[in-house]
Each structure stands twice: as C-alpha cells, then as structure tokens.
Amino acid sequence: MEAMYAFFMDKAGMGQAGAHVTVAAIMATLMFIVMALCALVFTWMERKVAAFLQSRWGPMRTGRWQGWAQAVADMLKILGKEDIIPAEADKALFIFAPLLVLLGSLLAWAAIPWAPGFVAADLDLGLFYIFAVSSMVIIGILMAGWASNNKWALYGAARGAAQMVSYEIPLALAAIPVVMYTGSLNTQDIVIAQQGGIWNWFIFRNPFLFVSFFLYFVASIAETNRGPFDMPETESELVAGYHTEYTGMRFAFFFLSEYANLFLVSMIAVLLFLGGWWAPIPGLDFLPAALTFVIKGVLMVFLNMWVRWTLPRVRVDQLMHLCWKVMIPAALICTVGAGLWMMASGAAG
Amino acid sequence: MVQYFADMVQAVGSALQGMGITIKHIWTRPVTLQFPEERQVMPERFRGFVHNDMAKCDACNICAKLCPVDCIYIVTEGKGKDRLMTRYAIDYNKCIWCSLCTENCHTGSITMSHDYDHSVYDRRSLVYEFMDPNVAKIPCHRQTRIEQGWWVEPKDDKDEGGKGDDA
Amino acid sequence: MAIEATNGKKGWGDQDQVPGIKSELLELNMGPQHPATHGVLRLLLHTDGEIVYKVTPVLGYLHRCAEKIAEGVDYKQWVVYTDRFDYLAPMTCNHTYVTAVEKLGGIEVPARAEHLRIATAELSRVASHLIALATFGLDMGAWTPLLYCFREREEILNLLERISGGRMLYNYMVPGGVRYDLPRDNWVADVLEFVTMMEKKKLPDYNTLLTYNKIFIERTSDVGIITREDAFAYGCTGPVLRGSGVKWDCRRDDPYSLYHKFDFEIPVGMGEMGTVGDCWDRYIVRVREIEQSCRLIRQALEQLPEGPYQSIELKKPVRVPAGAAFTRTETAKGELGHYIVADGGQKPFRNKVRSCSMCNLQVLEKIGVGLMVSDLVATVGSLDIVLGEIDR
C-alpha cells in the first residue's frame, strides 16, 4: 500500500489527493473482482460440498474436472435471462434493492486486512465500520420484499429484517472480548496482536474467547441467512423468500451478495479469532500472508456449508428465542469473563 | 434453569453428532451413477419400451384390446384369410409399461425390451410405426407359435422393424 | 375468527383490535405449486403475520377419473391404475384391490403368493416411509437426510424391479396370486441383506440426523397435535391414527392375507418428546414401522413355502359373480378401502375407493388453526399425504 502511494505520488507525479483517489479506485476494482470471483468459486464449492456430504457427485460435466465451470456457465445463463419486473411492483425500490444489498457487502470488504499493510481502507474503527455497513443488507432485503408486492416475499423480508437486526447484537458482542484484548478496533492491529503460532490466536487464549468464537460463528450463520437460520428464504415454506420475484441480473446480485457475505463473515472470524494471516505453526511461515488468510477463510466457509447441509431449520420464534435468551446473555457473560480473566492474568492491552 | 443448560448442551451435542454422520460421506464414493457413461444393469424382467417383432405378429388384435390405455394401433384391410395388416403402431406417449400386452401374446411377437432412454424433441416422434405399408403388407394368418418368455435380451439393433425412424 | 383456537391470543386479524385502522387477514395461496405441499395440494390460508387462522385444503389438481375408468376396463386391467394411487407404495394399493376382487369372486390365493405379496408390500411400505421421513426432514430444511433416504429407496426400487419388472409402478399382484415367481437370481438373499443393513446401519443414521436432533425435536414436538377424539372424528388411519396413541392396525385387527401368521408389533405415539399426537409422534411411528416392516419381510421370505404362485392362469380373464365386496388393507398411508360392485360381466359395475390420505388431510382444517406458517408446513409433512391417492 505504502509503495503504491509512493509510486503514484512520486513516479506518476500525481500529488497526494490524486494518489489517494487512484489507489482507492484500484483497490475498489480489485475488491469487486475478488468478490465476484469468490461468489463463483463458492457457488461451485457449495454444490460440491453439498453433493459429497449427500453421497452424490454434484456438477460433473461443465468444464472437465469436477464440473469446475458450472458456476461460470450459471452466471452466463443468469445474465442472459429475461429481466422481469412484476406489474404491481414498486419499480424504483425493486430496482434499487439488489444494488443496496450488494453495496452493503461490498463496502465491508474494504476493511479486510489481507496481508500486513494490504488493506483497502486502513480505518482505526475498522471492525465497527464492517459491522455498520454490513447492516445495510437488511434495508436491501426489506426493500426487495416490500417492493416485489408478493406475499411470500413480504414474509421473507419481514422475517429477514427481524432476524438480521437481532443477530447484529450477538455478532458484535462476541467480538468485544477480542477488542478488549487488543485495545483497538483497527483490523490490522487485531491480527498483529495474535502473532506467534496457534496458541496465540484469540480463540485459544481463554475459554471465554472460545465460547465467543462459537457465538460469533452461530450469529454469523444467521447474519448471512444460511444454514439452519435461513428464515428470509426458507425454501420449503416461503418458496424463495424475499427474492421470489427477482430474475436475471437482479437475482444474481442477491446471489453474489450472499456468497460475498459468507466469505466476509468467515474472514472476520479468521481475523478476530483465528490469527488472521499468521500461519498456525512457525514452520508454515513461508506461505504468503494473503494465501494463509484466504485458506483459513475457505475452511471457515467449508464449516459453514457443513453445518448448513446437516441441520434442520429452526422456526422463526425459536430463532428469536435463541438470539435474545441464549446468545446475548452468553455473549455478555463472555465479555465480563474475558475481562476478569485479563485482570487476573495481568494481560491487559 | 437446569433445563435451559441441558437444552443447550443437547442442541450442540446432537448437531455435532449429525455433522459427524455427514462428514463420513465425504470420504465414501458417491452412489450416483454418471448416466451416459455408467449404466445400471437392467434386471432380466425389466420392462422397457414395448417392441413388436413384425416377423412373428399375426395381427390378432389381443394386445390392442388388452391395453388399458389403448396405445396400440392396428389397422388391417381385407377379410378372412386374405386379411392384411397395413399399420402397427405404438404410441409411447400413452404406454404405461404395464406388460399386459406381452403376457397374452400367443405368438410371442410383442415383448418388453430393455431400452429405456428414448428422449425425443417432439412428442409425435414417440408414435412408433412398426411397419411401412409401402414396402410390404403383412398377411395376418400364420402358423408361427413360438414359445418364448415375456422378457428378451437387450437389443443392440434398435432400428429393427423400422423402429425409431419416424421423425 | 377462530380466536379460541389460538389459545385466546388476539391478533391483528381481529377487526376491533386497533381502532380506526382497518385490518384484515392475509389470504395466502400455498400451492398448488409450492415446495412444501407434496405434489399439487393447494392450501388456502388466512394468516395474521405468522399465525394461521384458517386453512382450507383445495383438492382436485390431480384428478384422473380412476374410478370411472374402472367401469370401462376389466378386473385385471385396473390393477395398473391402482399402482397410480399411492405411487410411493404401489404394492400396498395393488394388494387392497386384488383382495377385493378375490373376496368378490371367492378366488383362492396360494400361500407362496401371499408370502410374496407380503414381502413386496412391506418393501413398498418401507420405501414409502423413507420418502415420508425424507420429505418431512426437507420441510424442516434438512436436505441431507432426504438424499440418504432416497439412496435407500433406490435399493428397494432395484429389488422390486428385479421381481416385478417395474421401478415405481409394478403391476405385480393379480387377482389369484402374483404375476411372477421369484427371479432366477438370489433375490431373497439380497432382500434379507438389505433389510439387515436398513435395521443395523441406516436407521441409526437417520435417528442421529433427524429423530434426536434437538432442532428437529423443537420443530416437531407439541406441534399439530391430533387428539384421539379428533383422529376418530375425522376418520384418520395409518400412522396418523397410531401417532395419536391408538393401537389400531388393519394388519392385526382386521387381518387379511397371511398377516395373522406373522409376528410384529404396532408402534404407537407415546408423546415421548411432547404431547401424544404431535408431529414427532407421527414421525417416530413411521420410523418404528420401518423396523417392523423389516421384521415382516424377513419372516415372509424365510418361511416362503414352495408351490404355485397363481391360482388363475395369467392369460385367462378374471370372472367374478354379481355382487359387492369391500376390503380394506393397511397401506403405507393408512387404510385403503376398495368397494367393488359387480354385475357378473368382465368389468365392474362400480368401483369405489376409500382414500386414506384424503381423510388424513381433512384433519388439517382442525389442527391447522393457530399454528405458525412454518408449523403448518411441518404438520402437512407429518400427515404424509400423497396426492395421487387423494384425487385418484
């Protein structure tokens, strides 16, 4: 990053403002490309993981090896589809909703530290920023469900809004012990604090942090509307939930956003609890930092998929029960417990 | 209060047990067959597409009468000993593969083959004409009485008897 | 509207709830094209938010005039139509019809045929219950058990294909016996091996994945409770009746075929996870019936007697004297009844079918009130209806 600034400021003769704009533009484009790529890869991966868990093959034809090109073919197909806006829909909102959903996930990607110094927006409030902008997805979902003027979509949107608003709380609360340990909301600082092998990762620092990780994981599944908490979609109840009426490119935006969000929460789990770009044992240091980071993220995604394809779905009131009566108290206890542990072991800061 | 924690433990425990079962399947070979390359071996009684061996058929009309869905069309001309069959067709859109036609065929000409993958683009091409009246009309009275089981070996030659070239 | 059924909770559907604001119930069409309605069932819901105030099943999307067709085809030809009632367990439907014809015509059935009938019908029942578990799990959002159950069902279909020639629609039983004897390969050994594998390995897997999963229990216990009285009043049969704790099974209480010779138990719902008659009870009855069916298959095949398997030669038409006969048998979904009025000819004068899924579905109108939409989906799944039989 510093080198990029230096290059644009000195070599290209752009001045400070120009260099900032250029670097931001490059990073934004890069993030969007990575996000689109990861949506493609994870679509394929989801199908293969689901298939192998269920004793099937999954896609095997498109492309040569294990149907790797299936996601690409799907994306091309979806782009070629007719774009339908229902006659009774609220057109402006209907068009705007998918963009908002996508925007919410894309913005949060800016504060992800891929490698030392390599982060699109190195914010001091990085973690706070991530949680804040990813809440925008809720507005998009509510908007989509309302604008479609479809009863199933409305159901999905109402459920989704209730669920995601509620699960923001345990999600953020579970991250607080880590912030307490680090003393910073900057995502890079959080990762740097976990340097030095697997035993320095926050997940293994103390039992409260371990429980926090678990709470974060459960809340992140709910936050991405997947797995046993896919209330806004609930395929067997609400047909397709909030995106029932969407086709073509607009549907693709929801799809993209789902997988972008999935990878986003997995990466946040990695940077908060699983040591970010640090290798688990010192012997694995030769791997590039970004690669270590992505591998950990993909493993978390795999865990997410594994849960999704195993468990039945909870009911909407049980979901709320789980959030307000189990996870939030547990997260609060973890926060207090981790604080006491810190005091007892004198490991402040 | 005890129930509250017991429920939590049970929820996490049962979820982990379930995940243990699903992960086992990742290491085992999937059971799905890759269809066009791998094919299931059909049992000998398998009821595939109905096939009529025109060399044996004597147009007795029993199969057409027995068919619960009337999918066999037999047209003859002439009377008595000079009766000639001009059309024998099976409409596979209607056929329900019940095998009632085959088990009552006294010449053993109509059989259930082992063919099952005849996809077509136009449903009219599923009406199979078993004879071409322009080539030869088949006399209906014959002496063939062949004892044959109702099942047949899989046929390699699918075009036998003018089958399959209707479209 | 139906406030008393929602435990006194008043909802927005109650017009006087908020003065000055006009509110009404949301009318929602669940089906005929909906992932949770198991075919082409249409449920007309009146909901208030998530709470269902009124549910009306609308039938007839799969009506094929099977009873009227019966008047135009002869007794043997109609067997193929009985396959298409409960297309998940066609053997059991065949069995009902052929017993009716045999009763009417006084036709003797050889013991070997009865044994083969029982073995195939029970295999069919296992297949149907596997689908019931699978789709019930799917209604809960559990995808993976669906695929596992279908994998085992595939095995059953292969076995039944080997003996009857058909994969789903067997046309195997005929009045006076069965159509074919055992195949020439070692079919019996393969069936016994499958049954053992089912009992020892597969059912424990399902139990871990679904039955005793906490989320699954939470979703199904105390949901959609059918009381004993309701079950009687609506004429529920099969696992739905037994799930309500009534120990009634046609195979034991009104024995047909040779079921009285075999040793099997009748599982009933005991309210282990909640109230008697909830979705979990109906589910567990099916799981345990799979075990009992496995026992029956083993007994029927191990004691398989030698001898003829048909009392009427296949090529001869079945003739029955004028009269009427009603038989009922226990199919996978409940008690299927066949009432045949014959006028002495080759074709029946009237053929009436008492559909068990139809009666089981009607109870939804009573128990569906006050449920949440998700619970309604679960309840429909637990009734395990098959639309081919309801609409015929």
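By written order: A, B and C. Residues from 1 in each chain.
Assume contacts are C-beta pairs under 8 Å (C-beta built on N, C-alpha and C of every residue); 3 or more make two chains touch, one makes a residue touch a chain.
As the structure is a computational prediction, the values presented were derived from the model and not from experiment.
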Greatest Cα-centroid separation from chain C: which chain? A
Averaging each chain's Cα atoms, the one nearest the global Cα mean turns out to be C
Would you kindly tell me how far, in whole Å, the mean C-alpha position of chain B lies from that of chain A? 51
Per the C-alpha centroid definition, the whole-Å distance linking chain B and chain C comes out as 27
For chain A and chain C, what's the span in angstrom between their mean Cα positions? 44
Junction residues of chain C, two or more chains touched: 144, 151, 209, 213, 215
Multi-chain touching residues of chain B, meaning two or more other chains, are 15, 18, 21-22, 31
Touching at least two other chains at once: which residues of chain A meet that condition? 53-56, 309-311
For chain C, which residues count as touching chain A in their complex? 26, 28, 34-36, 49-50, 137-144, 147-148, 151, 209-210, 213, 215-216, 218-219, 372-375, 377
What does chain B use to touch chain A in their complex? 8, 15, 18-19, 21-23, 25-26, 28, 30-32, 34
Residues of chain A defined as touching chain B within the complex: 51-57, 60, 306-307, 309-311, 326
Residues of chain B touching chain C in their complex? 7, 10-11, 13-15, 17-18, 20-22, 31, 40, 43-47, 66, 68, 96-100, 103-104, 112, 151
Residue ranges of chain C in contact with chain B within the complex: 73, 76-78, 80-81, 144, 151, 154, 158, 161-166, 169, 171, 179-180, 183-185, 205, 208-209, 212-215, 314-315
